[in-house]
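Next come two complexes built around chain A: one with chain B, the other with chain C.
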Partner chain A sequence: MKTLLIHVRKRLLTGYGLLFFAFLYAPILLIVAYSFNSNPINMMVWHDVTLDWYRAIFGLPHQLGDSELYADSTDQLLAAVRTSLTVALTTTLFSTLVGTLTALAVARYRFRLQGFYRFLLFMPMVMPDIVLGIALLIFFISVGMPLGTGSIIIGHCTFLISYVFIVVSARLAGLDTRLEEASADLGAGPWTTFRRITLPLIAPGVIGGAMLAFIISMDDLVITYFISGVDSTTLPVFIYGLIRRGIKPEINAIATLLILASLAIAAIGLYLRNKQHSATPATPDKTDPAND
Partner chain B sequence: MSTTQLSSTLETGAAPKARSRRPRWSLIALLGPVTAFLGVFFFMPLAIMAVFSLLEPGLYGGVVWNFYADNFGRILGWANGPIEEFDPVYLSILMRSLRIALITAALCLLVCYPVAFWVSRLPPRRRNFCLFLITLPFFASLIVRLYAWVLILRPSGALNGLLAWLGISDAPVGLIYTEAAVLIGLVYIMAPFMFLPLYASIEKLDRGLIEASYDLGAGRITTFRRVTLPLTLPGIIGGSILVFIPTLGNFIVPSLLGGAQVLMIGNLIEQQFLQARNWPFGAALAMLVMSVVLGLLTLYVRATLRRQATDVPGKEAQA
Partner chain C sequence: MKATTPEAPVVEIRRAIKQFRTPEGQRVPALAGIDLSVGAKEFVTLLGPSGCGKTTLLRTISGFEALDEGSIQIQGQEMNRVPPHARPVNTVFQNYALFPHLSVGENVGYGLSVRGVPKRERLQRVGEALEMVGMNGLQQRSPSQLSGGQQQRVALARAIINRPALLLLDEPLSALDRHLRQTMQRELKSLQNELGIAFVFVTHDQEEALTMSDRIVVLNGGHIQQQGKPTEIYDRPVNAFVAEFIGESNRFRGTLEPGDGGLGRLCLAGDEPLVLRRPAQSVAGELQVMLRPEQFCVHPPSGDRYASLKGRLTAKAFVGRDLEVILETRGGQPIKAALRGHDGQTLAGRELGDEVALWYAIDAPHVIAA
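Moving on to the complex of A and B:
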């Protein structure tokens, strides 16, 4: 009787767990399914499989989509994708560079302001998006800097430097400092030691931080919403605007493509991280890698 | 970001090894960029915002450079000038935001706790796969995931379709633009923030202690209340804070799923900047959100440090 009860309980817990995964994934799968439904009036009723919504968003010939509406929209969509990519790539480069330099300084030097610098880099991560967004808006307007791609890049860097810093710091904390000492003892200068020993060892952390920065930058909505100019909309802000204006089947197609792209990047990143973790089990990871 | 980092970022203050060999100028070169960048583009904007919150709003947007404390008074509903009366509308929005953020944290906890338990008991391979599956949607576009809930909850949406198909209800349930819809959306996007710290503390849980509790005659409920719950408390608190902070200032979820019915403080701030053009009042509201968040974090970090200070000897004795 008791074992039966335990068995039932275990089953219930498994059922609950599976329900949780349904909760996480059903909404996403729903959009993907809708994006292929040819019913233009009611997405809920399945008509037929079609690729017309995808054709419509790229301005290709199609029957179902509202062609007049989307002739204009296609250009805007492509412009938004371009802005998003420009912003994400620039931001990733800059924040990875600055974040890594800072992590190296804090991990490998002893100086009085160490605690202060940890605090400094901790602040942007915990600052609510909306606060940072409007603070930046007030700042850019006050100093007379035009809102556009440049302001978005600056805005993203303010918090992404911190993310890179955390990931690279975690990697540095797990490294054996004796390797660097040995290199110095063998006569290598600081620069050679850095280039030949430290950099290859922290490379996985740097790459991980860069991927995280790229994903977050591509996805940021709130801060970008406040500091993007009229003609520099990023993809999330563009989609937010579309949804606010009304729900159309074309949005499903855009959403599906975006999900596929971000999931692909995230899956590669997580896979690489897991592989790395199993490859270097010896590193005593006191601090979690930050990308969770 | 997980709780362990949240606290470890601050507390691992002492440098591991002194490097007398390294020259001072290279330290300055390494720290120069971040100091300049965050100084100009992070701290200066926050300082300007703080100043703005104490200035008088101009008649047609912009500010008048006069000291003006009424922005904060207005949040509390104090009448300003002869034409206004006491009106706690902003106070009620603030209270609603706090309530929604609290309920969201509680719901996330209820949803995630059993799942975290379940995942921690799975065999390693399947456990890693489950963790991967839980982390993955977190990287999928936020706006797209919320859009999915707009599709599900609107009157002609998937939920009503499902209910009609099951024969439960033919009359459409108007769930969108209610507080329930906002809560569903918030729980959906915040669940991973709760899950990961929870999982971290549940996984560390020593099962021997639970068995010992059973052996000593405690029932399931007593064991949970006296052993499991206190031991997983760090994860519960850490997760709740990680959910509470972004929820409090969130304005995307209420604007998509709450409409004009369920305004939160984030929506109010957005309105002050993009519609009402009352920047000082918006800045005052943002200062309020920031103070609540920073206050909470300070309490949390302090409590964590104190716990670790008292905990460490005990842990070593255990191992």
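Moving on to the complex of A and C:
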């Protein structure tokens, strides 16, 4: 009786686990599956396996009629991807630099109103996107700044600096300041100490912050929607525009490609992180005297 | 021969004053006017309870704390405005502070590398430094793969590779177990002889200080309480704090009356007077006298140069070599004694509550400031 109960409980737990992952991944798997469905009218009804949707995106020859696709999408799509990458790379570079330097300053120096500055740096993260978007839009209009790639970059930096600041600060909090003192004690000036001790030790935080900034910048819709100009549409804004003209199967292929890109970025991030961790490889020593 | 003449001090600190501000805004003196000089090959220990200013003093020598007032000279050079990386001293940090992202070899060679010593020479000197601490061959290891004692040795090798004029050690042995600590004490001492440089060693462990030092500097409340050879500090503490902090002591407070034949009688409240040889300098009024627990015996070798104190036996405990007993005098003064051999055996046979006499040489009581 008791063993049966345990058995049933174990089954229930397994079932729950499976349901949980289905909850997380079913929509994504569905989109990937639909991207290979050749039915142009109703994607919920399976016809045949096809790569035509992908061919259409890349402007390759395909057997689909114009009415089945979003009109002249390929060039616009590529332009949106280009804008997104430009914005994300510039934003990542800038917010990582400024966010890291800010984190160092706040962690290493004591100054008046420090707690208040820290609070100010947290604020953009909890500010509702819609508020930030509208505020930025009004600001750009009031100062007479034309909306375009530049305004998107500035807009993204305003809140991504905070993200980098927080990630790097967490890393710095775990860094023993005596390591920097030891470096100075051994004759290294402040710059050498930063380059050879501080930076390598906070590198995982800096890389993590940069990855986060890149992904959020690539992905942001709400804020970007307000501050992008007509000729500078990012990918999320572009996709949102497509959806408003009706859902066509082509969107599934675009989404699948985005998933692939995200996985690639995550993989690079993990690779860099592991590389950092194994910077001092645990090489077995052959002439190894016994530990004392 | 120059070696026999007193050499110029490596470090000369004059009237060093340093205050810290608490979060509540109060000013706490960490150094309240310290004068200290360290000889060229001297092993000096800064000893005191936590918060006494010993670590602050060490950090003003290494340059991590700036003095509010006073001056620090190292090898005759004014150091007040010289940053840590430009000072000819190196430090062994309390928790070793080994760079976790560098190998043992890279850690030890770091000081040479930042000074631009070519790789060939660097590798050779890293080998030599590791050899001195018995760790050669482990260059490729990561610090996290080492035991506490091994990390300690790597930290030592890293600190001596720049051939500093002075090595500062900030409680370097406090994280090691007792057995390893004693081994490291001996090794540190012989390393210092081998290198022929001055060591300034910070500790709160009086046993460590007594074992290793040429000179002990006892600090409390930002002041130097006493400095001198370990035996001086132990046998002739200048005040109650030093007597209490180093070793165990029984202290008797009373007024001194002259007696016969150069003897004096310290009149205690509620007890018979304590007989002692009158101190050379004339002291008047109330004073304190110290007797160490091991200065007592039960069977004095001769009667005339010994005097006794009587009390009831209130506690006894065998702690290995000694029998530790506590008496209480009629006046309520507790007396702690450590008895050995025949003395110990005698008292071990007595019951708690018995009246016993403890003898001491009349030369033994040491007068300290009241």
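The rule we apply is simple: the second predicted complex is superposed on the first by the 247 of 292 C-alpha atoms of A that agree within 3 Å, B and C clash if a C-alpha of one lies under 4 Å from a C-alpha of the other, contacts with A are read in each partner's own complex, and residues count from 1 in each chain.
The rule is simple: contacts are C-beta pairs under 8 Å (C-beta built on N, C-alpha and C of every residue); 3 or more make two chains touch, one makes a residue touch a chain.
Worth saying up front: this structure is predicted, and the values here are computed from it rather than measured.
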A:Arg108 touches, of chain B and chain C: first, second, both or neither? first
Touching partner for A:Gly189 - first (chain B), second (chain C), both, neither: second
Partner chain(s) touched by A:Leu179 [first = chain B, second = chain C, both, neither]: second
Which of chain B and chain C A:Trp46 touches, first, second, both or neither: neither
Which of chain B and chain C A:Leu136 touches, first, second, both or neither: first
Touched partner set for A:Leu221, first chain B, second chain C, both or neither: first
Partner, of chain C and chain B, that touches more residues belonging to chain A: B
Touched partner set for A:Ile243, first chain B, second chain C, both or neither: first
Which superposed partner A:Phe23 touches (first chain B, second chain C, both, neither): first
Chain B versus chain C as contact partner of A:Phe58, first or second or both or neither: neither
Common interface positions of chain A, toward chain B and toward chain C: 184, 190, 287-288, 292
Residues of chain C touching chain A in the complex: 62-64, 83-86, 89-91, 93-95, 97-103, 110-111, 114-115, 137-138, 140-142, 145, 147, 149-150, 158-159, 162, 180
Of all residues in chain A, those that touch chain C in their complex: 176, 178-179, 181-190, 192-193, 196-197, 200-201, 279-283, 285, 287-289, 291-292
Of chain B, residues touching chain A in the complex: 1-2, 4-6, 8-10, 12-13, 15-19, 21-23, 26-27, 30-31, 33-34, 37-38, 41-42, 44-46, 48-49, 52, 111-112, 114-115, 117-119, 128, 130, 132-145, 147-152, 154, 156-158, 161, 188, 191, 196, 200, 245-246, 248-252, 255-256, 266, 269-270, 273, 279, 282-283, 286, 289-290, 293-294, 297
For the chain A and chain B complex, residues of the former touching the latter: 13-14, 16-17, 20-21, 23-25, 27-28, 30-31, 34, 42-44, 97-99, 101-102, 104-105, 107-111, 114-115, 117-132, 134-139, 142, 154-155, 157-158, 161, 166, 170, 173, 177, 184, 190, 215, 218-219, 221-222, 226, 236, 239-240, 243-244, 247, 251, 255, 258-259, 262-263, 265-267, 269-270, 274, 286-288, 290, 292
